[in-house]
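Each chain carries a letter (A, B, C, D, E, F, G and H) given by its place in the written order, and its residues are counted from 1.
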Amino acid sequence: MEKIEEVLSEVKNGTLSPEEAVARLRQQSYDDLGYAKVDLERLKRKGVSETIYGAGKTACQICGIAESLIEHGQKRVLITRMDEGKSSAVRAFFDDKGIAFSYDDVSRIGIAGEGKKPDGIGKIAVVTGGTSDIAVAEEAAQTAVFLGNEVIKIYDAGVAGIHRLLANLPELESAKVVIVIAGMEGALASVVGGLVAAPVIAVPTSVGYGAGFGGLSALLSMLNSCSSGVSVVNIDNGYGAAYQASQINHIK
Amino acid sequence: MEKIEEVLSEVKNGTLSPEEAVARLRQQSYDDLGYAKVDLERLKRKGVSETIYGAGKTACQICGIAESLIEHGQKRVLITRMDEGKSSAVRAFFDDKGIAFSYDDVSRIGIAGEGKKPDGIGKIAVVTGGTSDIAVAEEAAQTAVFLGNEVIKIYDAGVAGIHRLLANLPELESAKVVIVIAGMEGALASVVGGLVAAPVIAVPTSVGYGAGFGGLSALLSMLNSCSSGVSVVNIDNGYGAAYQASQINHIK
Amino acid sequence: MEKIEEVLSEVKNGTLSPEEAVARLRQQSYDDLGYAKVDLERLKRKGVSETIYGAGKTACQICGIAESLIEHGQKRVLITRMDEGKSSAVRAFFDDKGIAFSYDDVSRIGIAGEGKKPDGIGKIAVVTGGTSDIAVAEEAAQTAVFLGNEVIKIYDAGVAGIHRLLANLPELESAKVVIVIAGMEGALASVVGGLVAAPVIAVPTSVGYGAGFGGLSALLSMLNSCSSGVSVVNIDNGYGAAYQASQINHIK
Amino acid sequence: MEKIEEVLSEVKNGTLSPEEAVARLRQQSYDDLGYAKVDLERLKRKGVSETIYGAGKTACQICGIAESLIEHGQKRVLITRMDEGKSSAVRAFFDDKGIAFSYDDVSRIGIAGEGKKPDGIGKIAVVTGGTSDIAVAEEAAQTAVFLGNEVIKIYDAGVAGIHRLLANLPELESAKVVIVIAGMEGALASVVGGLVAAPVIAVPTSVGYGAGFGGLSALLSMLNSCSSGVSVVNIDNGYGAAYQASQINHIK
Amino acid sequence: MEKIEEVLSEVKNGTLSPEEAVARLRQQSYDDLGYAKVDLERLKRKGVSETIYGAGKTACQICGIAESLIEHGQKRVLITRMDEGKSSAVRAFFDDKGIAFSYDDVSRIGIAGEGKKPDGIGKIAVVTGGTSDIAVAEEAAQTAVFLGNEVIKIYDAGVAGIHRLLANLPELESAKVVIVIAGMEGALASVVGGLVAAPVIAVPTSVGYGAGFGGLSALLSMLNSCSSGVSVVNIDNGYGAAYQASQINHIK
Amino acid sequence: MEKIEEVLSEVKNGTLSPEEAVARLRQQSYDDLGYAKVDLERLKRKGVSETIYGAGKTACQICGIAESLIEHGQKRVLITRMDEGKSSAVRAFFDDKGIAFSYDDVSRIGIAGEGKKPDGIGKIAVVTGGTSDIAVAEEAAQTAVFLGNEVIKIYDAGVAGIHRLLANLPELESAKVVIVIAGMEGALASVVGGLVAAPVIAVPTSVGYGAGFGGLSALLSMLNSCSSGVSVVNIDNGYGAAYQASQINHIK
Amino acid sequence: MEKIEEVLSEVKNGTLSPEEAVARLRQQSYDDLGYAKVDLERLKRKGVSETIYGAGKTACQICGIAESLIEHGQKRVLITRMDEGKSSAVRAFFDDKGIAFSYDDVSRIGIAGEGKKPDGIGKIAVVTGGTSDIAVAEEAAQTAVFLGNEVIKIYDAGVAGIHRLLANLPELESAKVVIVIAGMEGALASVVGGLVAAPVIAVPTSVGYGAGFGGLSALLSMLNSCSSGVSVVNIDNGYGAAYQASQINHIK
Amino acid sequence: MEKIEEVLSEVKNGTLSPEEAVARLRQQSYDDLGYAKVDLERLKRKGVSETIYGAGKTACQICGIAESLIEHGQKRVLITRMDEGKSSAVRAFFDDKGIAFSYDDVSRIGIAGEGKKPDGIGKIAVVTGGTSDIAVAEEAAQTAVFLGNEVIKIYDAGVAGIHRLLANLPELESAKVVIVIAGMEGALASVVGGLVAAPVIAVPTSVGYGAGFGGLSALLSMLNSCSSGVSVVNIDNGYGAAYQASQINHIK
């Protein structure tokens, strides 16, 4: 969309007819697979290459989209929320292409292609309230690494034993962005938000039972944080938190 | 119900006793199978033949209702929300009757009988936000075709890459009615509603996770659309959207 | 947006520089008042002129937007949800301009400028469940008239005395579109939806108490209608229902 | 509890010591099985013998409670919400005792012992909106029969084809109490409530999808009924509706 | 509606033309005031004369409806939920007509016309949990008296001091129907339901604060009652409970 | 209730007839004012004298209940949730009786009669998250003092600056029971629960906005506390927390 | 945290360098296993040793944490919410260590190590409304015993047959703390709260169906209890109730 | 808290006794006003001076806290959510002190003291969906300026006329952080999130009606955004969004 001036210049120069201009604007921007319109401009527009959200897609569709991305020049592909069942078909697909592929069944993340060097301003801390939040935390941590960030992990530092958090304050304070991941009452986000100067991105998790209502309790808790500098993403959305943390860590 | 004058005339003419009149009013209107009172007047009353909602019915009950409809002269039967498991028994039933039957396991729609020629004013566009919305979209698209409409499909044109939608504006604008199908935050309905002159029927889907609450987020979003000309049907109700779209497309 | 080919042609012909082209695309489309970007293309894009939603706007802002619309050629302006308090200032503004203005304190609708002749396919029926739903019904009815439709009003025909509805079936059946407005349990939408062939747009109202939860009960009821051909707009949104009904009634 | 005067009289007469009096008041009233305190006074207090709610109880516990009831003189036992899996163990138990036992897998009701003759004032009508509500309707119908009532069944008479209900008005009007069972939007309760003079007990069912929210839509609808004379029981609670209907039908 | 046979007979006898028959069926049944279609057949259909729900109606509309009812022969009119402000205009209206009128500002009930003698089977008990529930209780009690019932009042007998309820057991047990009115946790309905043989109609009230959520807590409590024989009406709906209690108390 | 053996003994001794026994059991236990059944046995049963909940009661009713309590020997009366408007009438009433009365407009608590000496095991700490929680905190603190407890107040020690809480740890640890009062996200309860050995009673407050939903966020947070030893009372229920804290502090 | 003065003294005495002091404060307090930071100070801080919440942890993680606790001197370990599947691996682990281990599949509690003698002030009563609440009740009872309390069990004493509860009043009144466990409408908590002088900790259970909404009904009911002295823990949280009951029973 | 090593060093050097060390740690960190513990370390800890949240505080309390902050060296004070009524008392207070004070009644923000020069990395864009969102937007914009940021305002650019947003893309793309403020369906956040590379902080507003449920619809919409790089703060929390945006814009 932002390249309209360039296209207009070519039209003016006569190197492009109006019809061709419209067609080019349209064709360049995505690849239409029928079941998906693969966004080929995301890297240009968002500074970050396209990710494949694996849930609700067949292995076939995941591979089709990945193929389109790679054919159009994307060097590495992140696939999130991919069940272990689908991962073997996807692995076979990348093996055929001679592209390295790894899958982690805790975070359910698959990664194709060569890694990226860390190039952020500083580090991103990923803190969890409990052991059960680790699956979400790993989605966040691996996404952050994929997007070119160094990650500090501080797991199981919930407020039931707050000394465990305070003991890790120096590490926490060294981070440029902090991702706080907690279920149950989600109090950790407010406590961390009160302690550090860095922006805090809070991820409520569906960990808990009863009146936790699948993460609602933690979500409301985090939205109502009495500490400044806390924003929130969807329940269990480790990927989204890491994405924004990486945006912040790459600001310039 | 609307034929009361006719019946009254016959009573007046003496060709019908009052008792017979009441009985006829009652008997003509439905076929009582015990577990179902098959509505035989729907075609007359609603202009559209009766559909069988397959969920919560046994294969037996589906066949029984279909049989009643066909015996009373209905030429084609649409069965929605039918699990693949039930479809074989239903297929066998129609094979026995020598009636063509097709089943699609994406939309879970079964269709018995000969097709209908498109006879609407124009086309109905079916637009989805993502790949995962396609099952609902296909329920809508196949229902629309069954009811005599031509359909334009624009799948995976969500607002995360809005150029994919803008690139399809000419197709969108050519439609007489637009069905927008989206999960997650359902923003696509408002965006399309702001771009086209045609009425938009929005279908929230249960696609998403966490604070999507099974489609509630998309539902509320669509109900609160800031664009005029958007109305909403139940979560995942592709059939209902297509039904009304077809009503609109056949207005005269 | 849809005129990009035209602009490109002018660029190609040399009658427009690329910079001018971009500026023109931008300037023509809206009037920026700071607190509002008045949409000047709505008529072209949506086939219907811009409406002013009065709630949450000062009388000053309403007049400013109206002025912009009129200056850019719009002949009549509909203002919805305008408190009686604001209406006098707005009336004074239009008096100064020599433009006719009327305000109705039941529907809280203000209308400036000359009326429009009915030019729809047929009539729109506005049906309410009770007497208390009339404010919303009048918002719908007056909007429909403003947009060029003839309206049939059937008020207080709720299901507690269903013969009142059945007695009006001929009128109901004569309409091309039916707007059903009901609070409490909102059952009227399903009953009407089962009786008529026309599309039904249902408007839940906040009329009721207790477990009505401000219209939620009626809203859910209407979304879950067992009758086909019913779609729903936001609680108390008489304007929205009329807008879409008018779209449908003007289809061609 | 109501027999305190009698016990006091015996104390006064010297036939009972105060300690014995307290003990007797306590011992007579229930049989303590550890996991259950079987209420042996229900028949005296409520006029109706004890029912066993089968959900959340093991087959063992069901048999233990049934045994206690029978040993204390109850002639017939109604067991509700019993999975088919448990029913064979329960059947074996009653076979051993030489007590007749029947199980119905639609309503999931088991009945032990000899039947009761209908002894109510009149008939109870059980009306459903659709075919999928029949499981709940059968729970209601069989409970009503067990409690000594005659039952009229009118199934699949929902408002999408209201003539099916109107055609059954004479039967409906002949009932002393009407139980209306409906899912989705639950509009049937209001419509019936507007048509008959008898009290209506409404049972919302969890039939539906999306914004039906497991019966919440129908529940709210029924609670907000604009018709007088409608009261409501819990979602899917066919037993509870029949219990109260039977109370009403046995009033004197 | 139920008189269709009669009308048909007259048509057969030639004393009525079909057109006249339809017109008569339609005209007799209600009086159309524009803002209201006054139901003139309610007495015949429901056995109880029409009530005016005062909320959301102007004093003018209330008087108009009352006038229509009286002109068509109804002898007494019950007006519920009428603010004190409107009651003076309504009183003036009835004074002009020479009809007795009384208004009670606790229950907000107005009654016009001569009283009705109690003619029910027995008595209706109205029990409240606390002092703050009395407004709703009086709506119930006065409605019950208006409809021809004797009423026993047991106020402030909540479970925080359950001996207050037990001490009134004989009165409770003497009633043919029991209305239980409670806010907060609404536990009283279950306790009463466990003690008496009569049907219990429970009215949750909006009394309470915090997690009472305007009556939701009491409502859910009552719907989930572990005692058999409890049905529920809308929050604060004293009228509705009394209406059904009266239906039950007049069964024959 | 617990005195049944005593009454039975008197019956046995012939000093009491059965009829008198029943009457006495009934009469002694409460004073029936019509609008209230004043519980005269609460002190005996619960160990604590009766409190008057002022909300939803008229000044008249409050005085009537207080009079009954005092006449039956209660020495001091606590009145909660009493609006300042009612307090003058109540003050006049106690002045007439020559009974000391004080009213505090922050906590809206009125106290009549002589104070009670602290006689608990230790102290009760009342901790708040913010300044806006003080009204609820004062309701708790003054109730606790009224019930014979010493109170430590630690106000505005929320987790946004957790050093403020840690600095008060010695005071906190010296308490036998801790009441934590917080709105917004309510995280303070978990943090305190993780730090102290004493039982924590958490009071969510309605302080906050937006997704705080009137205290729901804090309520859910506290119910889902990851720290052991935290229980919760209703939103803004300072009285209830203090009541239970006093029970605990007087255990023996 | 509370030992900072001691450490500071050692620093002052020169027996500890500042760096060592900080390290010691940090190292002593927890054992970092990567996936868990085992809280080694809980006994000192809370007076009660660390419990392992088994849900969401692998058998491996459970064993790892248990090992850390035992190595650091904890003599007995309570593991809650452990599926039977995991219990065998855990049992094998403790067998290897020569530590006694027992698992109960009703409460899903595992206990390693030697028992503790009851050392509380008095007894804790565990009361349930029904048979289906027993799993939660056993979690509470076994936790209470583990923490050194004597327990009175009164199961299935719900308000549908309140004499069952009244008959057990002497036992109830003998307890120092009462835990009330109930699903459905949870009325039992209020009734018990009105009868006993001891503090009541209420546990809503997810037992029920329909509008019980997984325990929400009972939860709201208990939070809104009209009886004083009732506090509430999370749905199904038998452990939490027992933990606080034990705190209260060990107060001094 | 983070200065513990320094204090420990002084203790080691003998310049500080352990008792003094503890006292100093405690005293320095906040100023205890009874109703508030003013956080004096926030600047050091969070890099940003303390803000006063005006809602729920008396003018007196606001002035007291402001005085404490200024006395302890803070140069400028931001007061949010301050009603116009309180602003005059606060203004008088600062006039007395000779400190400049300004109050804006749209955003309800008061600012005392000298301004701060913009010193961020780039600009912050504040975008609103409509005119009614401006109050929240101004809270955000003025907070951002107060915290040392340059702000770009793009108001009324909602998706109903998306060309208004696209026309402002260059400005949007020039920002380092984007704050999107929208009510109703909140779709703007996703659309902007799909267009820009910068992190987007979304603020749902309570603007709307009906099924907007006071901002819930927009909140859920934003949490479920299908665009990456969107995080969310509480409903109407313009301050919180600006605070975090400023953190991001000052990262280094």
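In this text, contacts are C-beta pairs under 8 Å (C-beta built on N, C-alpha and C of every residue); 3 or more make two chains touch, one makes a residue touch a chain.
Because the structure is predicted, anything quoted here is derived from the model rather than measured.
Placing every chain at the mean of its C-alpha atoms, the farthest one from chain D is found to be H. For the pair chain D and chain F, the fraction of shared interface numbers is greater than half, so the two copies use mostly the same residues to meet. Rounded to whole angstrom, the centroid-to-centroid distance between chain G and chain H, based on C-alpha atoms, equals 41 Å. Note on chain placement: the centre of chain D and the centre of chain G lie 38 Å apart, centres being C-alpha means. One simple way to say how far apart two chains are is to compare their mean CA positions; for chain C and chain D this gives 49 Å.
Looking at chain A, one finds that residues 1, 130, 160-162, 166, 194-195, 210-212, 216, 219, 223-224, 228, 234-235 touch two or more other chains. Here the touching chains pair up as A-B, A-C, A-F, A-G, A-H, B-C, B-D, B-E, B-H, C-D, C-E, C-H, D-E, D-F, D-G, E-F, E-G, F-G, F-H, G-H.
Put simply, chain G touches chain D in their complex at residues 130-132, 134, 155-157, 160-161, 163-164, 166-167, 207, 209-212.
Chain A makes touch with chain F in their complex at residues 129-130, 158-162, 184-187, 189-191, 193-195, 208, 210-213, 216-218, 220-228. Those residues of chain E lying in contact with chain B across their complex are 4-5, 8-9, 11-12, 14, 17-19, 21-22. Against chain A, the residues of chain G that register as touching in their complex are 1, 25-26, 29-30, 34-37, 39, 41-42, 55-57, 61, 204, 206, 214-216, 219, 234-237. Note for the complex: chain C touches chain B at residues 1-2, 45-48, 51, 121, 166, 169-170, 173, 176, 195-199, 201, 219, 223-225, 228-235, 239-241, 243-244, 247-249, 251-252.
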